[in-house]
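Presented below are the structures under discussion, each in the form of structure tokens.
Consider the two complexes below, in which subunit A is the common component and subunit B and subunit C are the respective partners.
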Partner chain A sequence: MTVTRGGILVRELLDEYGALTRSALRRWLPQQQPRSYLYDLAADYPFRGGRMMRPSICIATAKIFGAANDDVLPAACGIELLHNALLIHDDIEDESQERRGRPTLQRLAGAPLAINAGDFLAFLSLRPLLQARERLGARMVLRMFEELDRMAQETAEGQALDLGWRRDNLIQLRETDYLEMVLKKTCWLATILPLRLGALVGGRDPLDLEHFVRFGFFLGAAFQIQDDLLNLVGDHQHYGKELSGDLWEGKRTLMLIRLFERANPDERERIREVLAPPREQRTSASVQWLRKLMDVYGCIEYARALAHGLAGAAVHEFELLFGDLPDGRDLHFLESLPRWVIERA
Partner chain B sequence: MAEIERPRRPVPSRTGPIRNIRCLATPEEARHPSSEAEEEARGEQGEPGEPEAPVGTAPAGATLGYRVIEDYLRQGQESARKLAKGLAGFGAGGSLPELSERLLRDGLVWMETVAKLWASLDPPEGAPEATTAGPEVRVKLASRALAEVQVELRPGREGRELGVHPLRGTDPTAPTLGAPAMGRREDGGFELCLRIPDALAPGRYSGIIFDRDDGSVQGTVEVRVDAESETA
Partner chain C sequence: MTVTRGGILVRELLDEYGALTRSALRRWLPQQQPRSYLYDLAADYPFRGGRMMRPSICIATAKIFGAANDDVLPAACGIELLHNALLIHDDIEDESQERRGRPTLQRLAGAPLAINAGDFLAFLSLRPLLQARERLGARMVLRMFEELDRMAQETAEGQALDLGWRRDNLIQLRETDYLEMVLKKTCWLATILPLRLGALVGGRDPLDLEHFVRFGFFLGAAFQIQDDLLNLVGDHQHYGKELSGDLWEGKRTLMLIRLFERANPDERERIREVLAPPREQRTSASVQWLRKLMDVYGCIEYARALAHGLAGAAVHEFELLFGDLPDGRDLHFLESLPRWVIERA
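For the complex of A and B:
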């Protein structure tokens, strides 16, 4: 695949802002006792080499609005710590096997210690924000907490829908149901919150943060669909998670919803039967059957095209939001993200 | 008279607008696939009509997305309106959930008050100045509607030429308020001149103050326009 100039810039800034955030994170993740029971576990995911998209979006947005790195790093660290806390809990809830190319934390340390490390990271994510009071003032810290509060509610609602649909074996879902779930579960933490916190810190509060919801939604939704696609067709080495893991976990992805919509009555019945039992009772043959049926009905191509449409809408929303602002690297980074999210391997 | 062939324009490569939003976010070669590439794609995908996404799927994705996000934002606005109504009637009874909501909101107001007090009692070393405009910016406002203007300008702007981008409302597709004029006063301070058109929809409009020399962001302007007229 041809790498575009925008794609190169995205990678450059992800590397640069990612390194900046990781370096700052070390301060919040000390190597102290009890290391093997808590601190090493808490530091495991953040230093496994994620893309660092969330903190990078936050830093770039803040800089577009005139902030210095030191102004926005506490918010970027808070977002990354919280993201890793939720990853640990998600992996337990989903019974996932791999994360960023290695076994999930609960497989390495056991679920009780992994849950505790996740709890610790979630509370720890508040600390950089509290410390930002020295630089940004108490009012700004309270505003950031309000943003976190809203995001926490939206994310929990989205995760509840995802888990509840699986528990009750709901399959006949609409695409709008899926997008609403993704808006809450993925977009708020992955894109909307980083944009809003960046604008809050950079603009010193008066900017209307509701502007950022549309762009964040389209960007985040395209990102999630591409992530789900990579789970089915990606290169295992690059992807870093179990291939077809979403089918093993019975996740209600756009491809599965499309498959159920297109399947004939007999196939629908079998899909229900395959997805009804818990993961450990699902067989390799039944997962492969689901995967092949997706190819027969063109579900992969369908989802890919839909993600392209969402990315196109993100480009449009970017123009409306940022079109008037002075040109620069950070602006180009945000502008190039919609295309990058659907082209990444 | 000899017949002269009329000059004709070349046949255009297309005769209608490009409505495929996919073009916005796909590589250049994907916008105009060669017939060879199309053949190849068909070959890879097996029999025609089987695994390929139906035409129009990408625009449908954008349409679906807009339906979801607009519903979501509308629901949020309705909830905010209901909450505002509940607050207006605080003290006049109400159900337990309503009272809880009011208490929560009051709690937030209380927290904000404490935070302001905290900040004023204990200004952190090296912290930036409070985010009010202070005497540096004078606002000249012409408006029939009730309006509140808030200007935040970063310190150290003396001697710079500043401009303001058009102020935008919450709905990015709605008309902008236009760009206020930012000039210098004789005493070296700034003067912001703003006229609010009578037909402007009530709401919150905000924009960026920028440095005319290097384009960097130097502050923000926010205007709240009330539905109620000043003379009402």
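For the complex of A and C:
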């Protein structure tokens, strides 16, 4: 894979804005008592070295529209804290084993304390915005809370679909079901909220914000599909999660939905049976069978093609949204993101 | 037990303000899709018929200081939504079996969807306040969020202590440890926040709010001890939770801490052993042994006496805080609460 100029810029800005956000996060994650029961747990995921895509999108967008770093850092911190809160709960809900190259928090601390640390982080995500009241004004802070409120509902609905489909072993799903779930579960927090908060802080009229949904959706959906692909074909060291973990967890990925569509009746029956029991009762042989059948039916290639299409649509939306704005690093960052999300390893 | 005039008033006001709050809650808990995966789950606990003590304290306090019902209902709804969010997560953390006379949500829907419904409710608790912005003004709404922010931290710290002590099988705890845990885990959300938000909406100067901590602490700690007592000696039908569930869960109640203090070295060793394994490995015989040893050492009576003392201290604090205010039902309600919390069955 050739690394494009855009790809280099994306990594540079992720590093730069990621470091900025991480440094600001320390203020909100103090080392105090009870440490081993709460504060150390809350600070664990945020400092494991994620990509920091969410805060970086927020910061870049705000700067494009004229904000200073200090204007947007509260929103960037809030988004990252909330993201980590939900990662903790997701990992418990999914019974995930690894996160960013280490055991998931519930494996280290037990599920009860991990759930509580997630609750703490979720509320803590409001604090940077609350304390930005003097700088940004009460109205702006409340507008940002309204955005969080919308996002939280969308995210909970998307997560409910994802978990409910698995619990009830629904498998005859359509691509549109998948995309609706991803729009809600992934895109609102990963891309749409960062774009919208960035634009708000940068002084855009709130009425404009609906325009960011489509760009965020295409970008975020491409991101999620690539994430699911890396789960199947990625490099474990780099990926930081258990490979094929999604199959163990029975996650309704695009590849699994496609597999079920293409499979013959006998295979469908077997797929249902493989996915029916809880994770710990699935066998390595059955997971490998699923994985191989995906190759037989070209599910990986199919998903790659859709991710590509979505990334292309995101670039098109970018032009409509940002095409008239003056050139600059932040603009190039957003422009280069769609390609980066589908090429990253 | 004789029912006092104050006890009757408390029940009347709980009924009245509870009904008011429950009716207002319907607006925030719509029946929409995905219903069985999210909205029905989120609306389950709130409509199981809790006592509604938290919103009632908030409404009564606000009215004492001159607020109208519509001024305080957003805060009352927010408090009740948040309380139910944390109940869902608590029940998972504690592996509780029953809540308000029915199976806990994780037993009905599975832990993953229950965790997600709790997350949804926690964020939803902000919405009534956000949407009260026109009526109450941006400044007031932000002040209330600051109160929630403080409460959320205290609650998470208290919950962390409660869960951490159990996970690590700490048992040599002192009464002051217990009271600090209860102040954080129970009182901030159960009494202190409702008092403070009520006073805020009623127009009290924010600087006054610290005064409510002590009254809320005495009242809330008496409430928690009585709750723990009912778990051991209550009427199951009325109580709505599994009797002796706290012993099964290894909860560090005042009675258990007292038991360990009074027990001889052999008994201490045995208590440690009984509490060491996870819930599902505890036996009915060992739980009954713990329960009987509590009678041997008078732990129930000891806890009753402390709850009594705390309720008396709450009445004293009430006089200091509210003694100069004009008479009325709301004032009598708050005055009668300390006795009610320790006499309720």
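We take it that the second predicted complex is superposed on the first by the 341 of 345 C-alpha atoms of A that agree within 3 Å, B and C clash if a C-alpha of one lies under 4 Å from a C-alpha of the other, contacts with A are read in each partner's own complex, and residues count from 1 in each chain.
Operating definition for what follows: contacts are C-beta pairs under 8 Å (C-beta built on N, C-alpha and C of every residue); 3 or more make two chains touch, one makes a residue touch a chain.
In this text, all values refer to a predicted model and were calculated from it rather than measured experimentally.
In the superposition on chain A, contact of A:Asp324 is made with subunit B only, not with subunit C. Judged by the touch definition given at the top, the superposed model places A:Leu142 against both subunit B and subunit C.
Look at A:Phe218: by the touch rule set out above, it reaches subunit B but stays clear of subunit C. Judged by the touch definition given at the top, the superposed model places A:Leu310 against subunit B, while subunit C stays out of reach. When the two structures are aligned on the shared chain, A:Leu207 is found in touch with subunit B, with no touch to subunit C.
Looking at the shared chain after the overlay, A:Arg133 reaches both subunit B and subunit C.
Of the two partner chains, subunit B is the only one touched by A:Gly298; subunit C is not.
Ranking subunit B and subunit C by residues of subunit A touched puts B first.
In the three-chain superposition model, subunit A touches both subunit B and subunit C at residues 133, 138-139, 141-142, 146. By the touch rule above, subunit A contacts subunit B in their complex via residues 2, 4, 64-66, 133-139, 141-142, 146, 175-176, 179-180, 183, 202-208, 210-211, 213-214, 217-218, 221, 295-298, 300-302, 304-317, 320-321, 324-327, 338-339, 342-343. Against subunit A, in their complex, subunit B makes its touches with residues 21-27, 45, 50-54, 57-69, 72-73, 108, 111-112, 115-116, 118-119, 124-128, 130-131, 150, 152, 154, 165-166, 168, 170, 172-173, 204, 206-208, 210, 214-222. Across the complex, subunit A is touched by residues 34, 36-38, 86, 89, 92-94, 109-113, 115-117, 119-120, 122-124, 126-127, 130, 133, 138-139, 141-142, 145-146, 148-149, 152-153, 156-157, 159-161, 163-164, 166-167 of subunit C.
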